[in-house]
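This is the structure, below, for whatever I ask next.
Order of writing sets the labels: A, B, C, D, E, F, G and H. Residues in every chain begin at 1.
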Amino acid sequence: MAAPSDATPTHEVPAIPPLEIAGEALASRLILGTGGFHRLDELAAAIEVSGTAMVTVAMRRVEPSQQGSLIGVLDRAGVRVLPNTAGCFTAREAIRTAELAREALETDWVKLEVIGDDRTLLPDPAELLDAAEQLVARGFQVLPYATDDPVLCRRLEEAGCVAVMPLGSPIGSGRGIANPINIALIAERAQVPVILDAGIGTASEAAQALELGCDAVLLATAVSRASDPIRMAAAMRQAVEAGWLAGGAGRIPVRTWAQASTTPEGMADLG
Amino acid sequence: MSSGITVNGNLRDDLEPGLSIVDLVVRHGLPEEGRGVAVALDGEVVPRAQWSSTLIEAGTAVELVQAIQGG
Amino acid sequence: MAAPSDATPTHEVPAIPPLEIAGEALASRLILGTGGFHRLDELAAAIEVSGTAMVTVAMRRVEPSQQGSLIGVLDRAGVRVLPNTAGCFTAREAIRTAELAREALETDWVKLEVIGDDRTLLPDPAELLDAAEQLVARGFQVLPYATDDPVLCRRLEEAGCVAVMPLGSPIGSGRGIANPINIALIAERAQVPVILDAGIGTASEAAQALELGCDAVLLATAVSRASDPIRMAAAMRQAVEAGWLAGGAGRIPVRTWAQASTTPEGMADLG
Amino acid sequence: MSSGITVNGNLRDDLEPGLSIVDLVVRHGLPEEGRGVAVALDGEVVPRAQWSSTLIEAGTAVELVQAIQGG
Amino acid sequence: MAAPSDATPTHEVPAIPPLEIAGEALASRLILGTGGFHRLDELAAAIEVSGTAMVTVAMRRVEPSQQGSLIGVLDRAGVRVLPNTAGCFTAREAIRTAELAREALETDWVKLEVIGDDRTLLPDPAELLDAAEQLVARGFQVLPYATDDPVLCRRLEEAGCVAVMPLGSPIGSGRGIANPINIALIAERAQVPVILDAGIGTASEAAQALELGCDAVLLATAVSRASDPIRMAAAMRQAVEAGWLAGGAGRIPVRTWAQASTTPEGMADLG
Amino acid sequence: MAAPSDATPTHEVPAIPPLEIAGEALASRLILGTGGFHRLDELAAAIEVSGTAMVTVAMRRVEPSQQGSLIGVLDRAGVRVLPNTAGCFTAREAIRTAELAREALETDWVKLEVIGDDRTLLPDPAELLDAAEQLVARGFQVLPYATDDPVLCRRLEEAGCVAVMPLGSPIGSGRGIANPINIALIAERAQVPVILDAGIGTASEAAQALELGCDAVLLATAVSRASDPIRMAAAMRQAVEAGWLAGGAGRIPVRTWAQASTTPEGMADLG
Amino acid sequence: MSSGITVNGNLRDDLEPGLSIVDLVVRHGLPEEGRGVAVALDGEVVPRAQWSSTLIEAGTAVELVQAIQGG
Amino acid sequence: MSSGITVNGNLRDDLEPGLSIVDLVVRHGLPEEGRGVAVALDGEVVPRAQWSSTLIEAGTAVELVQAIQGG
């Protein structure tokens, strides 16, 4: 949903409204993936500094080796947990994984991933739409990870998804927003929240997503694999806020020529 | 079909048929209440409310999963 | 000067150090031009919200019509005043204008503009370098508005300028940073502060400037001519902080392929 | 060369030769201390310290400038 | 299909091989849409100058007003006629239109368009895939107009399409190739010809498509609505050949720094 | 000099006019640098295939080791020889080198290079302008290698240079045209030929230079260091011609939305 | 259902029921052999080979289409 | 200053003072007419027309250059 351009100047800065998904209000427009952090205390610190209100997790077989309780850390942080279906290549796998997650985490929210290619991890549009329709029918609140395809995103919304999550560029690629016009098209049309998911590498790209009209950003690698994850988490928090503010401030048009910010009139004549 | 219990693809002679899902969960060092954990028997997810009353028979293929970092 | 990439993770977010120019410390890395604001109270509010510590002004003939005291507003805001030589097309004009400004504002700091073209308002490199050398000889602290030319910026530094201010794109064009690699080259080499000046249209571009290694951003039109200048001023404040944090956090590399943020191992087998 | 005083390019019959720069500044509704204001006589900038002692003679070209919004 | 990079230098320029689709050889890698030309003689001249061997047409109700025989012009030009399903929004419409076209033009080749949005004219991925599967089952040789989605393009190939035609940017937008990395991914993977379709505005963009590994380019508006369609047709012909040659010549890598083309050794010393 | 957009459609393709510099007509708009070729026969073949009419050479101390006569090859190819001042960092060095070249090659044409940085090999704008003025005074026909700075290029023209040669990106970087708007500005304003020099990596970029209004392209590394120099030379020849044709054909405007190339009217109704 | 023949959505009193597809095509100024032309009766495409033998009855909805510039 | 002739920075005992520029050029295996070659004595370029008449004295610094691939 594109942020409305508030044309009447105020003399105060608006408070950033919560992100509303499926009737729930989230206090932050930054959603953090938990993948890639080297230690749970680092994850906990990144969550705190980022100000996020929702984080993603994956479902995997219990390994004896595993120590430390991820869920304990997340519950203590007071964030909402959004399970994903990472690693699923068919609608069937994704639905089964979603059902395990619903039982494990007592939530009917799911980040739906149906991957079509293991090198780019790009979504499979037809399988994704099929899975979304089935999960909605089973009572899930579906947040699909999608390509930056305006038609696919509209179909997902029509299928009853509570948000759409188009990618900026491939997961973990750090290439930012490859096709900004598509993202702007998606945001302009959507009646549900648009969350830019995947591809963000640095803060300016997160800000750009909000400026383009996205309602939120979901990222993991950009923070968890930065040299200093905590510092990057702080950067992302500010970037998302900056982008939301700028997106609604009515930016100046892009011009080919210059426009002077100082009048050429009244120059002194010093001979 | 094996006569033992299979957990996450491994035949487990150490698990005697007839133990409950709660027993299984606790034996894996997971919290009894199972926050973040899910169990499927032969491909069917078992609601947590039925963990104590559901016994795992010989030949059952169990999937025991939990939330991990990801996404 | 490129921000050092702090490779050792911390668990706290570093405080943003002041911007040091000619031995003076400025509390903000956002420098605001005063041009384009419709009312002085709007300017005052933008200064406050932006958190800026230095603003630019121009020198023009006294007009009977003028009402309200710009200087009064700026002095009450407690910001440093940096006069510019906007509208000058020769070294001679720029030097005279700088001398008037030094007398009027009791400062030997000057934003040196020597324009070579009235449609693009791009600097004239040879006249600019000549003017800079003469002003340094006359005891000025010179902050030159330059093209994004790494060699010109190094020559200006060698001439004794206390900062260099390469442009992102033409003044007021809102085209952002047209040649990011040049800006990164300039920042990497410079021994004086590098301030991105001109062309910024929105918050993400200001953040990008800091990420590229610039020490600060100077902008006017992007805020003063936005539909909501105060809101954009707030966005720019956060964007500059986000960019500084991200620039030193050691961002992830850009990849062609994806890198999974979730392990493919341990998928459940649900038949 | 005009026998009157020229200010910012305009011949000013209302200004009598011999007035001081301070007088000139005040006559233009500017603060006496001249914060933000500068004056040049025939192209030479006059330091503020000399405003009260400097008299403007007939035929002088005065530039009276101040800081405005810009940049 | 990506052009192989011929690493062993030759001293002669290779002849450009024909474009092979469904076992048929086409002498040109430029496919011309017939839409937008103001007169049939202009179309005929553009066909001749462009060197194209295949052009697209649409199927519409007979209008009494229509004069002049499009088909006559195309048959005299000796080009293959490829009917499209432009204007279809569902698989059902597209299949019916394809059957009319097959009967009218005695060809089982069809450019499959299933549009999902009437403002961007972007394809509907799920309907497109469904239509492609049904048409293949009915014995058509299907060339689908697709998004620049590597997974969708692979699915279309798996469905039996004889080529895939990803878009550069929306039809008639002249925005060129919005996401070059996606196009390169598609070309690298495909086992059928990849034809860049839609978005090309000028010659350099057509050349880029071939450099990225596409086998051909399909364009209409760029030529038919140029101020001088015949001149642009000639430009496109050369651009496609230039792009094919360059794509297989093993271009130099992209570097951040300069690499001298003249040795710094042996400078004369003139005191 | 920007190519005029010929708005009146012709039914024939215009012949590409010669490139006129200092009253001399060159039959090709591609100027080839001789640096980087591994063998003289490869250079000879590339010259022939590229169709170039002028090539650059450098001046260096005679080395006993050198075998084969470069000049013999160039004279047999019948191309004009343009000496450069590669490796010079001051106006003084460049002038001395130009005088040696004038004597050695009996030409008063010179490609003026005055480098300001040995890592980027970017020009030094002030030294370049100084050198140009002195060389013009000494009767040279000066073709300066410049930054993509519209003001610098105008100053060089005002100094009497017979052409201006702005860079696309650093020599040998293969990054193409980093700032297309600057190049278009330079071409639009110039009254002398504008030759894009340096940075070209592949054919589409050479075509783009002409589309932007440049009169010619000078490149060396893109051809000489390609895996197959001869094939790339052929690509460049066609690319330059394609770009010249397209630049004057009046390309379609860039649109945000699509523009259908097929009428939506008259769809058949098949129930 | 109309008792007349409908062509491309228009009721055509000028067309008598029972005329052949070939007649229809020729009446519309199209080449008899019908290159570039296709006909559907009540939604079913009729192969060209059957044009001469296929008569159009009253109440038939005819779609008469041809190739135009596009794509 | 050396009493010998220096060519391109190298003292050349093999070159006897008083040889002409043409001799020098030929001794370096370059064409007598010197296409592509230039010579400077003590920093001054010598026009080709004067090569045969110009003798190189002891202590002269000679620069002998030619066109090479570049640019």
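Criterion: a residue touches a chain if its C-beta (ideal position, glycine included) is under 8 Å from a C-beta of that chain, and two chains touch if they have at least 3 such contacts.
Note that the structure is predicted; figures quoted are calculated from it, not measured.
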Going from chain A to chain H via touching chains takes a minimum number of steps equal to 2
Selected from E-H, F-H or A-B, interface repeating A-D by over half of its contact pairs: E-H
Of E-H and A-B, the pair joined by more C-beta contact pairs is A-B
Compute the distance, rounded to whole Å, between the mean C-alpha positions of chain B and chain E. 55
Could you put a whole-Å number on the gap between the CA centroids of chain B and chain G? 69
Distance in whole angstrom between the CA centres of chain C and chain D is 34
Indicate the whole-number Å distance between the mean C-alpha point of chain A and the mean C-alpha point of chain E. 34
Going by residue number, chain C touches two or more other chains at 33, 35-36, 58-61, 84, 86, 96, 100, 120, 122, 175, 181, 220, 256, 261-263, 266, 268, 270
List, in ascending order, every residue of chain B touching at least 2 other chains. 8-9, 40, 43, 63, 65, 68-71
Per the touch criterion, the pairs are A-B, A-C, A-D, A-E, B-C, C-D, C-F, E-F, E-G, E-H, F-G, F-H
What residues on chain F touch chain H, complex-wise? 33-37, 43, 56-62, 64, 66, 69-71, 75, 81-84, 86, 96, 99-101, 103-105, 111, 113, 220
Note: in the complex, chain H contacts chain F through residues 8-9, 28-30, 34-40, 43, 45-48, 63-71
So in the complex, the part of chain E that touches chain F is made up of which residues? 5-14, 33, 35-36, 41-42, 45, 49, 58-61, 63, 84, 86-87, 93, 96-97, 100, 118-122, 170-175, 201-205, 207-208, 211, 220-222, 224-232, 234-239, 241-243, 245-246, 248-268, 270
In the complex, chain B touches chain C at residues 8-9, 40, 42-43, 61, 63, 65, 68-71
State the interface residues of chain E toward chain A in the complex, per the touch definition above. 116-117, 120, 122-126, 129, 147, 149-152, 154-155, 169, 175, 178-179, 181-182, 185
